[in-house]
Structure formats: C-alpha cells, structure tokens
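Below: one structure, written as structure tokens.
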Amino acid sequence: MSPILVVENVTKKYGGLVAVNDVSFSVMSGEILSVIGPNGAGKSTMFKLISSFVRTTSGQVLFKGKRISNLTPHVVARLGVVRTFQETTIFRSMTVRENIVVSHHLRSKASLFGFFIGSAVAKADERAFGESADDIIEFLGLQSIRDELASNLPQGHLRALGMAIGLATNPSVLLLDEPFAGMNHDETMHMVTLVKRLRDERGVTVLLVEHDMPAVMKISDRIVVINFGEKIAEGIPSEIQSNEKVIEAYLGSEDDAIGL
Amino acid sequence: MNIKKLFGVILFLLLVLVVVPWLIAKSGRWDFYYTLTSVSLLSIASAGVWLTFYIGRINIGQGAYALAGGYVAAVLVSKYGINFWLTIPLAGLFCAALSVLIGLPILRLRGVYFAMVTLVLTEVMRLAALALPVTNGAKGITSIPLPQELSVFGFTVIPDFSTLANTKLAFYLTSVVLMVICYFVLWRIVNSRLGHLCRSLQQNEELSASIGVNTAYLRVIAYSISSFFGGVAGSMFVAISQSIYPSSFQVTDSVNFMLNCFLGGLGYVFGPMLGTLVLYFGWDLLFTAGRYQLLIYSTLLIALILLLPNGILSMGIFNRKKTRS
Amino acid sequence: MEQILANGLYLGAQYALIALGLTLIFSLMNVLNFAHGQMYVFGGFVTYTVVVQWGLPFIAGLFVSAFILAVIGALIERFLFRPVIRKSHREESTMLLAAGIAFFLDAVILLIFGEKQRGVPKIMDGVLNWDFRIIMPYDRILIGVLAIGMIVAFILFMQYSKAGRAMRALAQDRVAAQLMGVEVDRYSMIGFALGAMLAGLVGGLLVTITGINLGMGGPTSIKAFMMIMIGGAGVISGAIAGGFILGMMESIGLTVLAIYGDITYLVIFASLMIFLAIRPQGLMGKPWG
Amino acid sequence: MTQMLSLNNVELYYDHVYALKGVSIHLEEGETVALIGANGAGKSSILRAITGLSSITQGEVHYMGARLDGTSAADIVKQGIAMVPEGRRVFPYMSVKDNLLMGAFTRTDKAEVKQSMEKVLERFPRLRERAGQQAGTLSGGEQQMMVIGRALMAKPRLLLLDEPSLGIAPKLVQDIARAIVAISRDENVSVLLVEQNSRMALSISDRAYAMSTGSIALTGNSADLMNDDRIKAAYLGGDI
C-alpha cells in the first residue's frame, strides 16, 4: 500500500490562536483512518484544511503527490477528495433520490447549456446519474425512503444520505465528519458496517473524524490522536487504547487531580 | 413533457391569446390591455428576481437592469435607427454582461448584505441615467418611434406597428408571447441540471461546493440570466411608452419585483407571474380608494406577512406542489 | 480644502446619526429596517408641525419628534417584527415586512402631512466667514454641533448605562446575554425604539436646513445602507465611521467632481463595490460566511 | 442539608434527536457535584434544561422546592442560578469590567454589586490588571476566569459550570480547578460541574454522575469513582 493522502507539517493559526500545529500523517490507499481527540482539539479544523475549506498557515496536503491545500473546495472535490459534514448537512427540500442525483455533478459530460436544450449527451448523463443513484440507494439500503423529502428523515437516515451524497461524486478519498454523532447503538453498528463495505466493495479510502470511541475502535485500521492542535499519538486501535498520553488527553492528567 | 402539462400550456395560451382579447372586445374595457401588458412585462422582470431567489440571494436590484435595458433599446432605436425587435436581445445581453461585472464582487455577499447592495444598485442606475450624456439626463429620451416590421427571409413575422389600427392589442400580444418565451426558458432552466444545481446552491452552498459545484461561477450565470430578463422587460416597456426617464424604474419597482416573487411563492416557477397579476391588479383595483390607496395596499401587505410569514405557498394546500415541482 | 472638510463633518455627523439607528436595530434583531428613511421624514414633519403650526420653540419640536418616533418604533417592534421573527423560517420575511412598513409610513405621512415640501424658519441668522476659507451659516454649525453632541450622548448611553450594556451584550452573544438574565424581548423593543428615535431626531434637525418632503425617505434609507456597508453592519463604531466617510466623500465629490456633472454617487458606489470585493465585512465588521 | 436541585426523569430532544432520555439527578445544598462523560453524552443538555435555554419534553426540574421548568431564562437567573457556559461565551467587544457587570445584570443593589466586583477582582488578580481591556483579547485561561467571575457577580446560590477546562492549556486547568474549590468553600454556593476532564472533576467534587448517550450510566462518591476502571472504559470504548 502506498500513501494516497499526505498531510505534511500543516499549521493553522487564527490570529494568535494555533488551531493546528505542525501535524503530519499519511493515509494509505484503501485504509480507514480515524482522527480523534477531545473536544476543541482541532479535529474539525484539520478536516477543513484537507478539504481546502480553510487555507493553511504553513505546510501542505498532498493527494497522489499533488498539492491540494489552499485550492477551492470544488476543485479538491473534482480531484477526488470529498468531504461530508458534521451536522445533518443535506439538501433539505429535495427528495433522497434528488439529493443523490444532483450530487453526480462531477461526472457530467454535457455542458450546462447542453442540459438546458436537452442534448443527447445530457440525456445520456441524466440516465447514467439516475442508474448510479439507484445503485447507491440500493448499496446503502435506502430503497424504502428514496422518494421521501430529506427534511423529513430521522437522524440515522440523514447520515446515510450524507454518505450517499459523498459517494455520488465517485471519490477516491471520502472524508467523514462525525458520521456516528447522535446515533444509537444499533444505528452506529449499521453505519460501521456500511463504511467498511464502502472500502471493501468500492475501494474508497476513508478518513473520519469521530468521538464515538467504541465505533472508532471497531472501524479504524489506524488512528491519529490530536490534542491542542498537535498530534500526540498514531497507531492501531489497541495501541491507542493503552497509550498513556491519549488517556491523559481524554481523562485529564494525574496532575489535574488536585488534593483537597 | 407529458400530455397533461401540454394540455395545460395550450389552455393557458388559448386563454391569454384568444379568450382575453375576446372578453376585452366584448366588455369594451380597452384599458385592461395596458394593465395586462404591464403585468406580463413586470412578470418577466420578476421571473429574473425569482431566479436569484432560487440560488439563495435576495435581489432588490432588478429595477436597475430594467432601466438599463430600457435605455439600451431607446438609444439604439432613436439614435442608431436599429430595428426595435433586434434591440430586445441586445438589451438583455447588455444587462447580462453588466451583471457579470457587478455580480463578481457582490455575489460573494449573502443574505441581508447582498440585498442591501442590490437595493443601492437601483438608485445608482437612476443616478447614472441622470448623469451620463448618452441618456439625455432628466429630460429622458422621448418620441421613440413605434416598432418597425420584423421580417425573416422576406416573410413578415410582426408587421410595422405604425400601420396597425389597434396597437394596444398588438403590444398585448407581443408582450404575452415574450412572457411565455421567458417563462418557458425559466421552466427549462429549473427542470434541467442547471436548476437542480441552483437549488443545491440555495439549500447549502458549502455542501454544493463539496460535491464539486463551482459555486461562484454558477451564481454569476444565474444572476446574469436574471438580469437578462430584467433588460428584456425594460426594453419592451420603452416600445410601449415610447419614452424613458431616469425615474422609469425606481427602488419601489425593485421592491415590488421582490414582493411579486414572494407573494406568488418561491418554490413554484410560475409563482412570480401569479404574484405580479395579484399585486398589480390589487393596486389597480384600489385606485378607487383614491388617497387611501397606498395606505390600504400597505396595510394588506403587512397583514399578509403577519399571517403568512413564510409566503402564500406555506399554506397547506400549496405544500404538495412545492415538494413535487 | 477647509471648506470641504467642514462640509464633510457637518454632513457626516447627520449621516452617522442615521446610520447609528439603523445599525443598532440590525445588530439586535438582524433586521434591515427599510423604513428608516421614512421614520426620518416622519420626524422632520413632526418638528415642522410643532414649530410652525403650534408655534412652539425648536427644541420642543425635537423632543416631540424623538418621543413620537420612539413610540412608533416600539409599537412596530412589538406588534409587527416580533411575531414575524418568531414565526418565519427565513430572513426575507422580515425584509418584506420592513418594505411593507416603509410603504405604510409613506402612506401615513402623505395623509397626515401632505405632499408639500415643508421647512421651519431659520433658527439662527448669520454666516461664519473665516477668511473665505470656511464659509458656513451659523445654523448649520449649530445643527452640526447638536448632531455630534447626540452621537456622543448615544455612545455614552451605550457604554455606561445598564440598558446600553444589555443591548451591546445582546448584539455580541444572544445566548450568553440570556444567561445573564437579559430579557431579549424587552431590549429588542428598547433598541428598536431608540433606533427609530435617532432617525426622528435627525429629521427634526434637518428640517431647519433643507426642509423635508415625502420623497426624501427612500434615498435616505439607501444612503444609510451604504454607510453601514462601508463601516460594517451591526457595529456602532462602523456606523459612525461609515457616516463620516460618506459625508466626507460627498463633500469632496461635490467640489472636485462637479465639473464632470452629477456623478458623485456613481463614483462613490463604484468605489464601494471595489471596497466590498476586497473587504466584504466592511471596515469594522466581523467576517462572516 | 436540604435538596437544592433535582431533575426527575427528564427528557429532551432537538430536531427529533434524543439528547436526554429519562435523566434523574439531584444536588444538595453546599454540595459540589460533577457530571462527567464523553463528548455528546448529553451533559450540556442537562444544563440547558436547568437554565431554560431548551425546554424539556418530559419530566420535572425542581429548585429549592419549587418547579423550575417553564420559567423564563431571565427569572431563573434572578432565582440565584448562574451559569458558566461552554466555550466561555465572553462578550468579546466589551471590556472585562463591563463583562463582569453584565453578570450582575439582574441585581438592583448597586452598592453590593461594587463589593462583589471587588471580591471577584481579588480572587482573580489578573482580571484587575486587564479590567479595561476588551474581553476578546484575553487568553483562553483568562477568559475562563472572567466568565467564572461573571457568574459570581450574580451572587448565585447554584453555580453551573459547563466544561471549564475545555481548550485551556494543561497547566491552567489546575488553576481553574483550585478556583472552583475555593469558590465552593468561600461563597455560599452549590456547584454542578460538567466536565470531560474526569480526573479533574472527580478530584474536586463530592459526588459524580457519569453519563453516556443521554442517560446516567454510573453514580457514586467521587473518590470511589476515581479508581473505577469503568470510567476509563466509558471514554475509550471498552465495555462498561
């Protein structure tokens, strides 16, 4: 396996505040890698840096050896690095299927004008998008809600839809921002299976930010831990669970316990 | 297009092109022609505003483009003797080009901020019309000749208006046809991929960017189409009134275009047409109230917003349409 | 040069007062008050009525204008904006409501005061002539000084009174302000009343110089929007800066650009566009979006 | 000791998502109680339910023997409940002094407000140095001190602290912990402390509740919980 995504000494400062400080790690092709850390540790900023939603202060992010940091988000998506969002970010007043069909944008061959006059290429595109959307719907098991309005969906389905939107862009690397937040145990386990199948059957590399630890431990091939904007550990789940620095980051250090 | 829709369109065309003229001839209310011509032209401009709503921007600057389009047509016809029918697309194109220039910086703004700038834009266009030499200042451009004949390969499509006995009817018919064309274009846009992308933009710009949509480009495209409509409406107005002044389209008009869209419903392509009809007719009917006209009109408007702050379409019976359109 | 500066200061002081009211309402409720210009006109007519028709002194006119506009503002907030904000999902609803109110106030002004241009007699005679470098009538100077005095009073009120602090807190962090026990409804109403009052006061001040007529409302609103775009919406210092900058630009434009015709506002708008392209949040505004 | 605060079987959800499912906790007068648990477990939702920022869908909140849920946020403050919100939420463009004065917003006893201010500035000398500075320019630790001081300005009987150690440099976490201990000792105030940093929280509280996905998973004396391996498991994904 070779690294598909490389984060190289990335730093992000907001004014005087250092949100991410000199972080480096790589994501191997076909791997599921989780970035974890206590609240406010800089995970989300890390995510935005990779998807170019914010600009780096220094350092760079490479995708297949090409620099993708400090481009615009749609260009990064076009190259194959696509993010989903933390909150329930979907197109609320479209149906599930419309959500997925519209997200095929990157694959279209016809021009906007072609679509307007309904050219042959455009018609072929529309057909292909529809088929692919149905494929994705089936893959994620969303058949029963395909014509529901997205704003009426419960949490679990919204997350799945968020992932379907990501999938529709045909990504090489999918960035999932807290895919398990607000889910109950069963929903989480279902989602874990889905993400794994995504990698196994579609060959998508997955990078996720999450704080649901049981899920992270189950799903990840490797884990990167961030605290106060710095990488404090990296390794396979069992290593992370017993890493003293990580425990400290989550529970506070022994020193924080002050004697009364 | 399925049979039902085709039937609906034919019915609509019959109504506006045959039934309405027949009714007017019967009743002898020739003044309704002017009202309905205005409604169809104003609804073209409103259609443009509606399209900017569709990408999630509140546009209170359509009056600026209507004014610009009007002046383009007026100048081309009166100073260069160009056939009026040709100036309609030219006016549209001029406005579209202008809106690209203006849109590039201001389309980055959202919500209230975008609305503020566009509102100011209307006022600035009026000031420009006052100041620039080509527009003849406050005196405006007057005595613009009626539209000439339009022929294609020697075949007369539209006769010379000065030879017609009933120009009111002719203006009504051409305006309605123009409106039908514009709404057909709008309908095509909304139901093609372009429209879907616009909707994605309206609902969530960040997500839209993350699925690879070039949001900045799309916004400019939509805004320029919107301004194109404004220019077309403005140019046709010039032909009817045969004159244009800096005050022909003002801030109030821009606000009204926005009200039309809101009243007709933002989730429904033909909403602005409906809204324009209701508002313009409502205003006209209130004419009998004399000096209380504006008072009653604005009170009704406020009451409407109080009762239905999310637009007429928020009423139960319309909700189905909204989700399926 | 001195003349341009003096004119700019005089204009700027009034503009800043108008912008302050607008920005206060915006920062508290995220409402763009389209009717601000109409409130200004209303205030002018009230002062005219008090001074000319009732024959009371000018200062009484100012007080009555301030009071009536504050009441109108409070009523508008309580019975129109509050319910609409509560029920609506999108910000366009409040914008439409504001537009409706602008029409409504126009109608009311038309019915009560009529269409005629009105003015009050000069409150002070004489002209200051400093070596032909600055020539300015005394009444203008007085009005300018009064306006600056009001700006200072407003700043002091916002800075040191309990209500002022509460409003600043609300504008900066709504939730935290609630946690401190600030009643959001009450202070939104006070803020709206205060904003409307400022508009009315400026109307009262200006009726002595330029007079007032029905048509002045819309253009005044537009100028006020430009000011808060320059300074940054919702920021008090931004409104003041925006007001003085616009006043200064207008003053310079009217002198320097006069030879090219009436293009001052075109130039101002073009520069505003370029400025916003570089700095969309205005001079002192917070970045957003 | 009388019961100061109690939540009985409280349910709360945002947008169809459960944040709290049947939570019951209580707090006696003079006690310091910690609510610990991983991110997203629902700790902050409990505070939102108490302060009236979110309305609960089921259950009851009692304070000093009277029903509290349904009371407006402003009245809750007047009854003596002050909150230090998550993420500090300072008023960034106001001076430190004005921020503190906002804490005393509901009080009318001017002279005593002055005294309270003096006391807060004594407790946090750094704030006195920066009294005129805009709050947004303070460091994270200083801001945290300031919002604790701001809450004290209300002269509360119940102090709610939401993640005071969040995003604070490790060496300052101890200072904050000490300040909390000192406050509960000196002032006549009960403390409900929500924390992710469970070691800190357990070391300064009398009792604690551990939450997981919207309900109470564990409860007991803080000293006992300190050495309970189940706490660690709750954070790092083992079995409880």
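Chains: A, B, C and D, in written order; residue numbering restarts at 1 for each.
One rule holds in what follows: a contact is a pair of C-beta atoms (placed from the backbone, for glycine too) under 8 Å apart; a residue touches a chain by one contact, two chains touch by 3 or more.
On a predicted model such as this, the values are computed, not experimentally measured, just so you know.
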{"item": "Identity of the chain that, by mean CA position, is farthest from chain C", "value": "A"}
{"item": "Chain-chain pair with the highest tally of contacting C-beta pairs", "value": "B-C"}
{"item": "Chain centre separation in whole Å, for chain D relative to chain C (CA means)", "value": "42"}
{"item": "Rounded Å distance between chain B and chain D, as computed from the means of their C-alpha atoms", "value": "56"}
{"item": "Inter-centroid spacing, chain C versus chain B (mean Cα positions, whole Å)", "value": "32"}
{"item": "Computed distance of Cα centres, chain B from chain A, in Å", "value": "43"}
{"item": "Touching chain combinations (by label order)", "value": "A-B, A-D, B-C, C-D"}
{"item": "In the complex, chain A residues that touch chain B", "value": "51, 53, 72-74, 77-78, 82-85, 89-95, 98, 101-103, 105-106, 108, 110, 112, 115-116, 118, 122, 125-126, 149, 165-166, 168-169"}
{"item": "Chain C contact footprint on chain D (complex, rising order)", "value": "51, 53, 72-74, 77-78, 82-83, 85, 89-94, 98, 101-103, 105-106, 150, 154"}
{"item": "Complex interface listing, chain A residues touching chain D", "value": "38-40, 88, 154-155, 181-182, 184-185, 211-217, 228, 241, 246-247, 250-260"}
{"item": "Complex interface listing, chain B residues touching chain A", "value": "188-189, 192-194, 196-197, 199-200, 203-204, 206-207, 209-215, 221, 267, 322-323"}
{"item": "For the chain C and chain D complex, residues of the former touching the latter", "value": "162, 165-166, 168-169, 172-173, 175-183"}
